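Take this structure, written in structure tokens, and hold onto it; I'll ask about it next.
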């Protein structure tokens, strides 16, 4: 099991704003990419395991702190780790690190499993195989 | 019936790039906003008439020409008009005009109606009421 | 002076994700739009007063909580208010409300003034006229 | 010299729309990424060679045709090639190919070199070293 999964990014021109730096909501988008990559590296395709079964890992909260700016063509690593895993919730944390290894941004996201009508879902009941995989791979 | 529908925009900071101007794909996004507004002003909610009935107005082609740049906080008007309407296709044209009335960008989009499996749909058969409304409002 | 400034949005198709709801980083982008509109309604153009003078209102932190989802074509109001104003920092708070008046999202952003080399700026010294205007309009 | 440069993408959740497919303006953004990667693979950093010297490769026109849709987590290759190179203009072409090797989208972009006041620039005069490199690497 991989407790921390790192995703590589090269900053895109269109991700930067007129100040010449990465526009701050873009980091929240990177967290999504890093989160899906985290799941995939632990054996779970978000699209196949959740989306195609009508389950949404809806976002309850986001927070991020910004320390150093980045610009287009910069090489970046986003580290994602699971902070909490229950039958109804997930919490994840992220660190964005530049090519020099400096911390640029860190953040957290909280999620609940819901169905397509936005009703809370117990993932252990609804998707027992996925739950077992998540538990065995992510929680020890 | 409204042959040309105009949508007002104020350029967002996040729509601009490190050159300080609107990032060129953003105009294509504005065309979508203007297209849905065009339909709505002609009595058709895209979400209720198409999306909720499982029909996608999928994009077959896009083209745009750029004449003058825009920056954040600029006031913009996007004019949308229907160029072609058949049972299986739509073509639309757009003009982006700045506060001084100058043409900044113009473009076209072509669309086909498809269902959720991406199969071509005859909108006159699948959604006769919407088709009648479109024809009466849009085509004379 | 306007303590709370409200900005109207219609949710764009391209702001929504495959779950059919507004993608969560988009709310952070709306906060930016609402913040610039808040300043403008209080007599300050961000582009002319800050950007054109080489000052960036850089983001130090963002947080948001999500309560209700929104989908394309939904009408939304984003209320922005100043929570803190000093010579070196700004804190703002936001509420996103749907057409039924229900709270969908709330959030906060913290900012510092920096110059183009990312060095902290005392806005009262660097831009005294803007500072006086901000103080008189925003802080009483 | 590399006549065709291929860039790998994994489709991001936030790049898809409520129809569950990549939102069509996103392909135009991918063209930008592929274009900068094309230059870099041929020895030119867009940020260092153009942006830091006050030159913008502004977009004059975009066109794209869409053949097959893509969804989140799909693996994609975008091939970029130079179609025309003069002292004042560039034209590039792109092909987006899915994991099965099928053509999903193809497009073109046209660009002119301008300075920060949006005036046309002769790149051979303004940036002779970059021009020589481009010519030797790209044009034979």
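Residue numbering begins at 1 within each chain, and the chains themselves are lettered A, B, C and D in the order written.
Heads up, the rule we're going with is that a residue touches a chain if its C-beta (ideal position, glycine included) is under 8 Å from a C-beta of that chain, and two chains touch if they have at least 3 such contacts.
In this text, all values refer to a predicted model and were calculated from it rather than measured experimentally.
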| item | value |
| --- | --- |
| B-C against B-D, pair bridged by the larger set of C-beta contacts | B-D |
| Gap in Å, rounded to a whole number, between the CA centres of chain D and chain B | 25 |
| Interchain centroid distance [CA atoms averaged], chain B/chain C, Å | 28 |
| Chain B: positions in contact with at least two other chains | 13-14, 18, 23, 25, 29, 32, 51, 71-72 |
| Chain contact topology (line, ring, star, complete or other) | complete |
| Chain B residues touching chain A - in the complex, by the definition given at the top | 13-14, 16-18, 20, 23, 25, 71-72 |
| Touching residues (chain side chain A, partner chain D) in the complex | 10, 12-14, 29, 32-33, 36, 40, 45-47, 51, 71-73 |
| Of all residues in chain A, those that touch chain C in their complex | 18-19, 21, 23-26, 28-29, 32, 51, 56, 58-66, 69, 116, 118 |
